[in-house]
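Next come two complexes, and both contain subunit A; in the first it sits with subunit B, in the second with subunit C.
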Partner chain A sequence: MADRPFWQSMRALALLAAAALGGLLLLMLIIAYFADLTIVDDASRGAVDFENRSISIVIEQEPPQMDSTRATDAVSGMLLGHLMEGLLRYDGEGNLQPGVAESWTVTPEGAVFKLRENARWSDGKPVTAHDFVFSWRKVLEPETASQYSFILYPIKNAEAINLGAMPSEMLAVTAEDDLTLSVAFEQPLAFFDRLVAFTSYYPIREDFYLSRDGRYGADAEDLLFNGAFVMTKWVHGAEITMQKNPYYWNKDSIWLERIEVPFITPDSNTQLNLFKDGKVAMVQLSPDTLKNALQNRWPIRRFAEGTVFFIEFNHRPERLTRNLNLRKALYYATDTAELVYRVIKLPGFLPGASLFPTWIKGEHDFLRREYPVGAHPVNVELAREHLEKARRELGLDEFPPLVLLVGDTPTSLKQAEYFQNTFKRHLGLDIRIDAQIFKQRLEKMTLGQFDLVAAGWAPDFDDPLTYGDLFASWNKNNRGFFRSEALDAQVRIAQGSLDQAMRMRAFGEIQRILLDEVAIIPNYERGRVFVADPRLEGLIRRTIGPDPDYSRARIRER
Partner chain B sequence: MSAAELDFSPAERSTEAARIVRPSLSYWQDAWRRLRQNPRTMTSLVIVIGLLAFTLAGPWIWRVDPANQDLDQLSIPPGAPRSAFIVEPYRAWTRSAPVPGAGLRLAEEASTQRVRLVWDTREDSPAFEVFRDNYPPTATALGIPLGEVLLSDGLAFEDRLALEPTTYYYSIVPVDADNHLLMNARETIKVDVKRVITLEGARQRGLIAEDARMQVGDQVRLALHPLGTDYLGRDMLARLMHGARVSLFIGIVAPLLYVLLGVAYGSIAGFVGGATDQLLMRFADFVVALPFLLFMILFKVLFGIGPGESGIVPMLVALVILGWPATARLVRGQILQIREESYVSAARLMGSPTGYLIARHMIPNTLGVILVTLTFAIPSAIFTEAFLSFIGMGVAPPTPSWGSMSNEGIKTMLVSPHELILPAIFISVTVLAFNLLGDGLRDALDARMRSVE
Partner chain C sequence: MWRYTFKRLIQGIVTVWFIATATFFVMHFVPGDPLSDARATSEQIRKNLEARYGLDKPLAEQYYIYLKNIASGDLGISFTQQNREVNDIIREHFPVSAALGVLAVVFAALGGILWGALTALFRNRMPDIVIMFFVVLGVSVPSFVFAALGQLSLVTLNDWLGTSILPVAGWGSVQHLLVPSLVLGLGTMAFLTRLMRSSMLEVTGADYVRTARAKGLNATQIFIRHQLRNAILPVVTVLGPAIATITTGGFVVEIVFAIPGLGRFFVQSVQQLDYTVIMGTTVFYGGFLVFMVIAVDLVYGLIDPRVRVR
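After this line comes the complex of A and B, so read on.
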């Protein structure tokens, strides 16, 4: 009777399994209960807290660089915008407002800024002109390797210093006294005041910077602030706390006492759930979470964020994409309207047609109205003709696969797969998708390891030049090595001329050259949709400058 | 003593009477008999065979390109309606003819190609914000903000954003000079959108014959997607079939290779024994300690697998190189045991050569163990593939695999759950079926359980 113990043991085993499962369930319930108890204090913090004048927000990643001389990304820029203040700043409508500078005069040859007496660092010491001189020199020193050094090039000797040909003391920025800063330009310039609100132009105090011994910006205590808020806590990768700066000269205009960043996550579904649970005051919506927000009946808001996205080609000699006909083939096969309306599916996006966005101002009206381009042309027949020409010119029997370098976000991957299919279906071209994180993508772009790259450009200052000089042969951000003497000549006019009409004509020419030469395939202008807590007022969303800006926000009392 | 003196005589020698035997059953016949008696195992066997048919024969029957993007039917669930009207190709809106009527109204019939709205100005608002909602708007929620229309642009708006054949509620809200929405002055209309396709589009997608006489206004049926489509309009059924290829290829080939390797390695170690055995088994212990994921990445680099290229081969190599020690240990143990059995000693005493010993005694007695290891290795390999593809280490787009499909589906889990649920079901059912099959095989092939009925 060997079978009985066997079946008995099986029964025992089944009972054990059932007991284990039951026990596990019970354990989970108990843990969930205690977890609930422990986060009670957390929940009370909530998205907005009227009594404590505090809000909680979520950011999509840990700020990679809080040293303003080296910051390049939007998250660091957003946080620095709350913590620091330049000579001038942009307000909610995108107009320039006095910042540390009380008054200023800009002439074609130079500018003089009068600093306010009551501007203070967060340790109580006054902000002086020397702090600006120090940080601007720092940005340009080759050792800093700032990717944004070019934004200071309008200052006399800046480029030479950046290239290591001159010591940084030669920079034509001088502190006449503690409260007067004078700047001389390399060549006549019409828009310097629009530049000084940018992150790279923020001040840094020399003695503090040196006392940190190379750790400036690495932690909350390694930073000194002169903006509306101070960072009091920074647990890397987990949370950030900002508190109102008691020394800020304009502290009466700041209502909020605290901005908490208890969550750092790029996942849009997680972000949406945080908002749903009342943990954060604002979330950006993605195509996946948009429907969910709709079902929840939240008031959805839109904002034309204005960053321009495009496919950039690699124009290096060894690359096939150097061939104009191949580029034209890809250009005519792309349907940007389909991309925006069927694939990306987010409101606020505009199908791209040019490097210059629709919102950028020209001489009297928007630049794109003064120098219009038609909608992006789609013509598969023409595309095939150009491809055939390219094939003959390159002497190829068959095209090898082209590498499309993209970011690793869901939207860019989706877009990449759409392009892969489009080029395969219309042109029979094989596309290999190379998805990389932001830093790695930039690295690969710099090294030229791509045929096509999905790139974007956010404006740094309010002038068409922020886009216009992007494909100049000397621009470090021209990572596809596009070279055109005609374009370089127009960029020089746009940079050097004081005649606005002439400058705008140059931008019109730049736009035409880029389209004729198919330096890029414009994809779209980005829009943003978001939901914000209804009690939160005065949230600023802007195209140029730190976005979103909570510094002037207040909470409605129910 | 004569024969007559005896009352009995020797019976006829009968061979029949003493033969109380059951029909002779070979090892395999016996195993199969017991396998058949186990309904759980038979069910899983049917599922496994069905899966193989789905993978190998499926694409021959369902001839749909898994990479083809049907942008007219994005993320549709299984069984969605698919009739569409033929319309003219899209042309930019010239807004030449005035639209009769008053208030917010449609300029043309609404279709999935575009919805064109016009309205009249009432107050001196410099701009209007246009909203679209899938539900009747409430006091605060008007749906998706589509865009802003400046008074100078003319009071009209064209919506082309991801239009679906459903009912929308369009609202316009005047915006005052300070950029505040005047919610009280809003106007809303209900718009029924019908699904349309251009003649050109229908031809390109092969919905109608090239020479078919179709006119604007005629009805066609869009491409059939029995299991719906994913976020780029790719057919889920075709993707699942092609994804199964990758999953089952890795799932069957990798275990087959590493079990073979393990059997060879383990039987050598077990049969030779002694110092060789020690050396070989310590090396196996060393291999067990190697981290799989790290090696997977290293092999990817070593093989020169560039970006956008499939990582299937390095995955296979990594699985084979790191998977064999378990089988080798098991087989070595078996061989060591069998080597000392009395029937082996007997055979050896009778002068059997080594080859005969291995072929006649060793292998048949370990075969059950080997087969069971194999069936258990398959689901774990399938799971590994799914996991690696899920984290993006496996196949390159547009090649689907169940793991990468789950990864894509999880992003739209709340809105279109079928994109996650379908590949997840396939992974779970496959893994479960192979596990149950392995369980049943172990019961059936284990010689010691022969008497247990």
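After this line comes the complex of A and C, so read on.
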């Protein structure tokens, strides 16, 4: 068929192809014009840039809420931690350092903070005590509907204001003068200083907030900063630029001039590819990308991220899991070391043994050293004995399948399969796995549609109480309805006492009650593994507060 | 023609209304609570939130308000990004998806037509066999595999050359557009190639081609005017739905290449049960798809006089 018509057709086709290619180029230029794209990519922008004192990073999602009174998620918290500063802040070792407050005194009845004179907003005006009064009232006003308002409840009248029973002017926080902020407590309190570093306690200046007409936090120009950096650019879903704040009182301690966030994606493979391509300074590793990182022989770094995971039981009357012997049987059959080292197999994870994580501080040392629990006991024989007792107590011939409610992440599914397998093998119990997306899992927990649920708890502040009151009978997060008067009494001591030794003893008791009653089966403490550019120094990873924290980072000269 | 257009438009509006209604009710009957968060809130805060989003009203009233707002072009405020309007989200992110989608469709259409014509010319010879092998591959491999592969080859290439010739991910320049849109258009390109090949072959043996040849027209003219133009018709038919699916279905590519398109927000909103964003984007996408199909039907008449409706 290689005749003349064929070649003429071929030539026509080639001409068409050439025309198509030209048209395509033109189209790209047109698209670039309309979509506001540059023609040439600025490829010089690397992970770290010593000359310009700049780094580039990737975040996993668009920050959903940059209004500090309403922010609840980790990404918003991380960015706000670079942009804002509270009265106090945590340093790299997790110790409290002065922030906007230069000195403070905390008594059982209240606290007085002396603000430093040179603290400035990013427009040059001074940060005053009024800015704290305004934002704290805002957090508590019912219209704000802040999900973290409870963290301000230690302040006198806070809860009443939040419930709409009092106007927000009644909040017992007063600006004595521009630089003196005094706070009265609802009841004697031992750890208020550890709360004021939290996101919800950041200041907001009233005139600026009002001038934004309900858009505060929606865009870069709808925010005012008093932290180490200012946000100069925010293209939603695409990129964020933070620059050193020239008005920050402690600017001499900040080496970096710029933090660029040119990439926003939850895809861990993409993140690793960006790291490999030298575009970002740090990436978190997932089970998938860990292998890849190991093959590249990059030094893997790890840290205990702080969240504790456990199996929570449904203690509602109609549920079998209300039976203590059944819970004990499941508890003794579980091997958390096997779960962590054999099933999850991620570095940085620790086998769980208590509701309280290993890193949380007690009176002088870590709480878990002052009140040790030992390793999780595994005893299949004992487990079978308890199961037999439970069977007789419940008057059953055979156990119906138990429902295990879990999240839909790969790690949760592995965890669920471990329990399904273990309980079947050791106890002959059938487990039905019910995997749900986060909000549906929460709803099912709230409605009590489960026998067992894989739950987790991340800390909010640096006191064991952030975990300690979780299973109090009045706590709304106690969705399994665990009830223990002895535990409630200990929680009241931990909340109200000013004697640290007594409080820690109470936490020790809470820990013991939860394990004796098998309110939960501890699973693991989550760890994080990551790789970072070797020239990046001073990167802070922390369990409480903004993480990761680049504000004190610097770059090594080659 | 005008009556036909009018009729199609009315049909389109009814379809969109149906989509909106179905989404609304499915949304409210699906288990899960959009206002829940890791930290349980008091009843009072819950009530405040419900009042803000109008969830405290009876379902019928919510539905009425929802339809009224859609009719006036107000899609409400996002549940997760509490100070952003859904209108803003669509306005900022749809153009990104559209830019990506338009380029992908053009890639797919041009590629499909050219490859299809080429394989028809070389029917059952080596080039045809090789191209058709890749076509089968392209039709059957899902886009997330292409996306991952595309990105991996970029990283490897950059690593190998020691310099970044094309960005691995991100947004902001024309270079960021190239690989993602190619990846996005690949499946459609393969599909169109197959379609174009068979319709080309059908046309080659047609009477009017023989007549044209007999009348002594040269091969180039016959090829372009009589073969290509007639063979292209079925391709145009599927192009309408293809434009819609490519523009709306890019979320995998958007996530892998860190592109701030609307598809990402659509998928995220479902995971986070963000009612307003789910409903807003679904209605928007639904409307877009319906009117794309209508537009193609109307354009069809321009290409083929026989189907022109009076």
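Basically, the second predicted complex is superposed on the first by the 397 of 558 C-alpha atoms of A that agree within 3 Å, B and C clash if a C-alpha of one lies under 4 Å from a C-alpha of the other, contacts with A are read in each partner's own complex, and residues count from 1 in each chain.
Quick note on the criterion: a contact is a pair of C-beta atoms (placed from the backbone, for glycine too) under 8 Å apart; a residue touches a chain by one contact, two chains touch by 3 or more.
Because the structure is predicted, anything quoted here is derived from the model rather than measured.
Peer 1: On the A-aligned overlay, A:Ile433 touches which partner chain: subunit B = first, subunit C = second, or both, or neither?
Peer 2: Only subunit B; A:Ile433 stays clear of subunit C.
Peer 1: Thinking of the overlay built on chain A, is A:Ala416 touched by subunit B (first), by subunit C (second), by both, or by neither?
Peer 2: first
Peer 1: Output check: A:Asp67 vs subunit B and subunit C. Expected answer is one of first, second, both, neither. What do you get?
Peer 2: After superposing on A, A:Asp67 lies in contact with subunit C but is clear of subunit B.
Peer 1: Considering only touches as defined above, state whether A:Gly348 meets subunit B (first), subunit C (second), both or neither.
Peer 2: A:Gly348: touches subunit B, not subunit C.
Peer 1: As a test of reading the superposition: which chain, subunit B or subunit C, is in touch with more residues of subunit A?
Peer 2: C
Peer 1: For A:Leu294, using the defined touch cut-off, is the partner it touches subunit B, subunit C, both, or neither? Pick first, second, both or neither.
Peer 2: First partner only, subunit B.
Peer 1: Given the touch rule stated above, what does A:Asn269 touch, subunit B (first), subunit C (second), both, or neither?
Peer 2: Both partners, subunit B and subunit C.
Peer 1: Taking the superposition as given, does A:Ser149 touch the first partner, subunit B, the second, subunit C, both, or neither?
Peer 2: Only subunit C is touched by A:Ser149; subunit B is not.
Peer 1: If you lay the two complexes on top of each other, which residues of subunit A touch subunit B in one and subunit C in the other?
Peer 2: 6, 269, 436
Peer 1: Can you check the complex and tell me which residues of subunit C touch subunit A?
Peer 2: Spelled out, the residues of subunit C in touch with subunit A are 31-34, 36-42, 44-45, 48-49, 52, 80-84, 89, 92-93, 95-96, 99, 102-103, 106-107, 110, 114, 117-118, 121, 148, 151-152, 154-155, 158-159, 163-164, 167-177, 218-220, 222-224, 255-261, 264-265, 268, 271-273.
Peer 1: In the complex formed with subunit A, which residues of subunit B make contact?
Peer 2: Per the stated touch rule, the residues are 67-69, 71, 74, 92, 129, 133-135, 138, 140-147, 160-162, 231-232, 306-309, 392, 396-398, 411-415, 451-453.
Peer 1: Given the complex with subunit B, which residues does subunit A contribute to the contact?
Peer 2: That would be residues 2-3, 6, 268-269, 288-292, 294-295, 297-302, 337-338, 340-343, 345-348, 375, 401, 403-405, 410, 413-414, 416-418, 420-421, 424-425, 431-436, 529, 534 of subunit A.
Peer 1: Which residues, counting only subunit A, touch subunit C once they are in their complex?
Peer 2: 4-6, 8-13, 16-17, 20, 23-24, 27-29, 31-32, 34-35, 37-43, 58, 61-62, 64-65, 67, 70, 72, 142-143, 145-150, 162-164, 214-218, 222, 235-239, 262-267, 269-270, 273-274, 276-279, 436-440, 442-444, 446, 458, 475-477, 479
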